[in-house]
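Alright, structures below, take your time with them.
What follows is chain A paired twice: with chain B in the first complex and chain C in the second.
After this line comes the complex of A and B, so read on.
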């Protein structure tokens, strides 16, 4: 019977296979997918509010996004995403209509049209050496009716026309060994000062004619001591910096081209301090700010070259640049913290006695500290000055504050997702009935009647709109409880700012967010970074009264030797349950396939000294691990040296302190790739939670091939050392790609294959018994995708039907890598048009549904490609039987069907990763793609064969049934009557 | 089947009027036999006639039984033709034909006794026809099974039994990779 069902299913699948695309209709957009646009942490912001009309703020971010935001609501007017290596160094407005950005270490200057974000011109600035890059758009610097833009980058000073981006003149400083620090423009005499150091104690200044770039004068002076930090310009001819002991302020004055300097001890200005200061980079006219012992100190530079202490600010968090409010009047803002409030103070630079503005704003403490502030003024109706402030917070969110209130906020931390995991929602409690959700029966009926009208095509345009609105804001999909199909889940994402967000899969809203204490800057942890997020406790059978929890692994700095931090978070509420600062480091986290009695998953954290630490630290966990002690292995990939090593748990650590949760590892095997011919480029393993339905692959002639399904497989892609760079840097003869499939328990190489004339970048995905990888073929000048399938030959003789019927086989008995099974592989390669950012494969609850590859293309879209296209058994002319089985005739390239983009018309800008999660419904897989944008949808690779589509008209079904029953009754009565008449006749 | 029905009508009568008087004793009658009438000769004549008649009937029954026994043959040929028409791919038509090909012989075999009941007679040997009938129906059944097999719907291959087996579990567990960064 099962056979018949299977055959029937195959037949059904065959019917469906005649049409490959799984497109959706226009009115289905937004029903099960959502898309969110973000920017990233704001680095620069420029307001544009002078003109009447739409007020906007232009920002550039750490995700290399240039955007124009609506000042009223914070919506994005336009957004341009530069490449990942195209880091924005400067942002300004020129001519009042162009947004100028300097990026790529000062070598790319672009102008964007202010209203719509179209690129107006781009100019590539050539230089020879790496240097600081400075963008300076001076007001009133004109040459032949053309506004000049001064750009310093790559060791050269360029004057660029703001109309067309043409380089008008260029001055090369790379010959001199001077490190240029500042470029100032003095408006009275059209002079440009280029100031910098040679070494750290020799100060250079060049005077350049702004009109033609002629070098007028160069001057040098030896400073009394070395300098620390950057040079700050207080005015066009005055600079300040700190000496190398950080206790003296050097003030450098360029009156009449002569360099005068004087040094002042900080302790002369501020009594009883001995700390070391840092000059803050805020540009204020005639004033500079110093950070000393977490105290903000404002120091005024008098015209005579003296320093006057102006103000001390406690708990200073951020200082803005000065903004000109009227002729000669400049204002700036600073922010102070006080518990969950911030104090925003705006002062006049030259008048310290009064505040222009003093506001107190309550800010959610989960946003952390203020990192950056940008202010803008506006004229109130009473002709006084009002100020609005754009604040970038520690969690990378962006707030606009005006009149003591947060006008809008953006969660731009979500632009930099580091890792994703999921959690189920709470089970629906009793007492919450369907009627409550659907308001009432009348509403429910009305909804269904509307739907019926739509089905019968008698709906008016108004009705159609109502139906669409009803579908989109269906309360069903955004409920906070678990649903029968498992579509509603929480996506728990860790962002680069160290904040964890829980997003609802139904509508993408933020359910909770928490800024982790362990991932905030502190004395102990200077530059913490979040690494990964893992499931900690996922109660299914036991401990059901406990909420599921996740944990975040972080590190106190970018180096591997920095100590590790752990945070445990309740997945339902977002409460930080526990946080640990660990004594050891973290190189790897290994979730073990064992859970304790409260369903906490056991994890081994392996440090850089190759010691494994067991978590949770309970005797029970030790006991469980002891049982499986001999079966736990660990492998490390050393990509720099081209070595893969295998290890096993050995014994308790024998350090000074007895730690019974710490284990030594012993080396088992190592694979050393010859460094002169191979470099490790990419590795990939199977997902540990992947479910495989069957171990057999049935061939057309009813033969069986047994899949080699082992979780301990590692795919490694190596390239020739010469081909490690970009595409085009190596010739086909000197580049090759070698792929390996390695058993990570025994170190056995199961398969090795060389692709000659090919090179990276390699993207790969490993699932069941196959691996698909994407690389570049230099000979064909095209990208290729290859598939390798691994089959277990040692099981192939299990062919006796009677033995199988009676169960006399060992196909389901546990299987050890040490049994050295004989494997065979099948592989095939195809051309693929796109370059690829990420590949992922759909995963379903039981692994029965056929698979689709999800390919993140270079155009930041996600393409769903049936795995059947990557079947190594494809032949040019498949037989009738093979066709029936669904084998597609072999073509040299993989088809890209426009309808199979699951992101349909949207783009997931800056796509970095794709995550798939199985829903409870076997046919359906949830897909989350992240980058600068977030996108979520659910897909059914073999269509939703196990449920009715959501637009199924139940009302129509009901009416049909009622009509049929009525018809049966009526005809029965009629026939009875007729019978009676017959009898009387 | 029409013929069978006709036979049934002939045999299964409820009542009858026999216009030939078979009684031999004249004393039982009130009316004496007419002169010159010899009852004996008539009796003699009558008995041979009925014996002949019975012989003919049983002959006819035997013939009919054989005919009925051979009936599935035609069916078989018909079925074979239909199966050939249906082809070897699994779809609604071929599945329908195959299942009817399986069902007909089975239902016929269930009703073997009933089919041959009308021809039951002490003088008629029904074993032969019955065996033939059974054999032909078994042949039909075999044809159906064969068709089922050609459609690939019989679990005769190892693949049919292996597909439902879950994959073997790994004894060892291994994890690791490139250092987290």
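After this line comes the complex of A and C, so read on.
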């Protein structure tokens, strides 16, 4: 029976698979997919509210995004995503219509049109050495004047015209070995001061004519001691810095072209303190801020060069730059924390006694601390000044605060997803009220009649809109319970900020979010980073009353030697169940295929000292592991030295402290690649949870090929050392790509192949018995994709039916890496047009449905390509039988069919990864693509052969049935009448 | 036929070899500047660009090493590119662009050659045009009677109509004698007629 069903399924599959591509009608957009746009953590923000038109704020972020946001609602007007190496250093507005960005270490200056984000001009500024990059757009009130943009970058000062980006003059400072710290422009005499150090104690100032770049004066002074940290300009001719003991403030004055300095002890200003201060970067006229003993201290510089302590701020979090509110009046804001509230204070720089604004705002403590604040003023109806503040939080979210309330917030932490896992939703409780169903019946029918009208194309535009709205808000898909088809799940994502979000797959809304305690900055853990997120407990059979949970592995710093941190999170509520700061480090986390009685999955965390630690730390877990002690293998890749090693568990650790959850390793094998000819570029394994339906593959001539399916296969791609760089750096003769397929239990090399004249970057995906990889062919100067399929030759004799009948086959022999079966491989290469950022393969619940490759292209789109295009058996002229099997005639390049872009006309900007999760419905696979944007959809690689599509017209079915019943009655009446006539005759 | 082909190839080769220098060296010793232009023909109008679309076009060097954008007139440039063979891709939603192979000559400073990799056509002017427009959605077939008729429900209704209206016609053409005999037979067999199933109104 099962066989029959299977055969039928295969037949249906075949029927449906004659259609190659996944395709979508335009009105189906948003039905099963959603797309969210984000920006990343805001670094710079500039308000644009002067004109009466739309009020907007321009931001640049750590994801290299430049965007214009609606100040009322926080929506994106436009957004430009720069290249990954093109880090934004500065942002400003020039001429009131251009947004100026400085990026790439001060070498790229671009102007964007303020209303629509079109690039207006671009200027490449060249210099000779790396330096601090400074963007200075002098504010000139006379708009007709050609505004200069001063850019310091790469050791040169450039003056650029803001109209067309032309470099008007250039001054090279790299020869003098000066480290330029500050550039100030004094508008009244059109002078530019360039200040910097040589070494740490020699202070230089250059006076430059802003009109032509003429050097008017240069001055130097030896400071009494070395300096520490930032050189801050308090006004156009006054600078402040700290000395190298960090206990004195140096005030440098440039009156009349002479350098005068005086130093003041911090302790003179602030009594009973001994701590060392740090000058906070700020741009305030006549005032600077000092961080001392976690106190924020504001110090005013008088015109005579004296220092006056203005205020001590407790729990200071952030300080804004000054805004000019009227002639000569400047305001700035600072923020203080108090439990779950923040205090926002806006003060006048010159008139310290009164607050312009003092507000208390309640902020969700899951957003963490305030990291940055930008303020803007507006004139209220009573002619007084109001202030709004844009606040960037610790979790990278962005808030606009006005009148003591959060006007809007953006969860921009989601722009930097690090890792993704999924969780099922709770099972629906029994008991659906009948009244609700009855009330909905009419609605349901009405909906279907509307849909029918839509399919018959007789719907009016109003109807079409109604249909679309009805489909989109269909409450069915956003329910918080498990559905029959397994479409509704929670996507649990870990972001770079250390915040974990749960997104509903139905509509992409945030179900819960939690800022992990372990991944927040603390004394013990200065720069924590989140690494991965794994399933911890996924109750299926036992322990059903417990919620599933996930755990996050992090590290206390960027180096491998930093200690590890763990956090356990309830997947339904987002509660942090437990968090651990571990004594050991983390190099690798290995989920084991064993679970304990509460369905907690066993994990081994392997540290840099080659010791494995078992989690959960329960005696039961130890017991299970001891049972499977000999079956735990793994490998490690040392890319720097070109070594791949295989490991197994050896014994308990014999350290001073007895830890029964710690194990030593033994090395089983190692493969050392010759470093003069090969460098490891990429490795890829199969997904551990992949399901394979059948091992056998029936060929056209009734032959059977047996797939070599092992969970322990590793794909390695190596390139020639000279070709390790990017495209354009190596010639075809000196570059080659060598690929290996290695068994990670025995270290046996199953397959090795060299592609001459090829280089990276290599993107690969491994599934079942095949691997597909993408690389660059330098000879043809095109990208290529190759497929390698591995078949088990030792089982190939089993095709004889008699042997099967008589039981003389070896199909039931256990599959082991140690049995060293003979394998054969088949491979083929094709050209592929685009650069590729990520490749993934669809996965389905039972592995029956044919597979599609999901290719994230350089244009940030995701293309679904049927695996059959990457079949090594494709030939130029397939025979009739082969055609029936679905073999496509060989072409030299892979087709790109626009309808098979699963992202259709959307872009997943800054695409970094694609994740596929099987739905319960065999035909369907859920796809989540993440980058700066998030995109989710579900796809059916062989069409939905096992369920009716959403488009299925129930109304038509109903009408047909009604028509049939009516017809039956009519015929019955007719026949009765005829009978009667017959009888009368 | 063959000679024609050879001639064509030769002409192409000429183009490739004597490509006009559409880029110039920046003068600095570090690298060269590649200047080019992206042209997107819009349907119907003489305008070269669809408004609002050009701002979404990105030009990508060597698979993401550098990204630049188009100026309003469609020009773009990469500065400081070292000599060698490079790849330029254009990412624009709605259009399919072929990647371009760009050779920046070291011996001949400032000489740059370009060729489309998809069809190996040399470019004598560095103007990139889309090979085709991309249609991301299936077009819904306009309503037709045939689509209804072809659907399973349509077939059911159609079959029923045939039975209802054509069968009596066929019966009429039958011989009355034979007809009576057939009816006799049916009555004897007691065919379960619908009339028996339905509740009698009388």
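Convention: the second predicted complex is superposed on the first by the 907 of 985 C-alpha atoms of A that agree within 3 Å, B and C clash if a C-alpha of one lies under 4 Å from a C-alpha of the other, contacts with A are read in each partner's own complex, and residues count from 1 in each chain.
One rule holds in what follows: a residue touches a chain if its C-beta (ideal position, glycine included) is under 8 Å from a C-beta of that chain, and two chains touch if they have at least 3 such contacts.
The model shown is predicted, which means the values in this text are computed figures rather than measured ones.
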item	value
Touching partner for A:710 - first (chain B), second (chain C), both, neither	first
Which superposed partner A:251 touches (first chain B, second chain C, both, neither)	neither
Touching partner for A:834 - first (chain B), second (chain C), both, neither	second
First, second, both or neither for A:628, with chain B first and chain C second	first
Touched partner set for A:972, first chain B, second chain C, both or neither	second
Which of chain B and chain C A:964 touches, first, second, both or neither	second
Residue numbers on chain A that touch chain C, as the complex places them	23-27, 29, 78, 80, 82-86, 110, 113, 116-122, 124, 126, 456-458, 726-729, 761, 776, 778, 780-782, 833-835, 837, 857-861, 893, 896, 898-899, 901, 904-905, 907, 956-957, 959-960, 963-964, 967-968, 970-972, 975-976
Interface residues, chain C side, partner chain A - complex	26, 28, 30, 33, 52, 54-55, 58, 60, 62-72, 77, 79-82, 84-87, 89, 91-94, 96, 98-99, 101, 117-118, 134-138, 140, 142-143, 148, 151, 153, 156-157, 160-161, 164, 193-195, 198
Interface residues, chain A side, partner chain B - complex	2-4, 6-8, 10-11, 531-532, 553, 555, 558, 560, 586-593, 604, 606, 608, 628, 631-637, 639, 646-647, 683, 685, 688, 692-696, 698-699, 702-704, 706-707, 709-712, 714, 744-745, 798-801, 804-805, 811-818, 884
Chain B residues within the chain A interface of the complex	89-91, 151-181
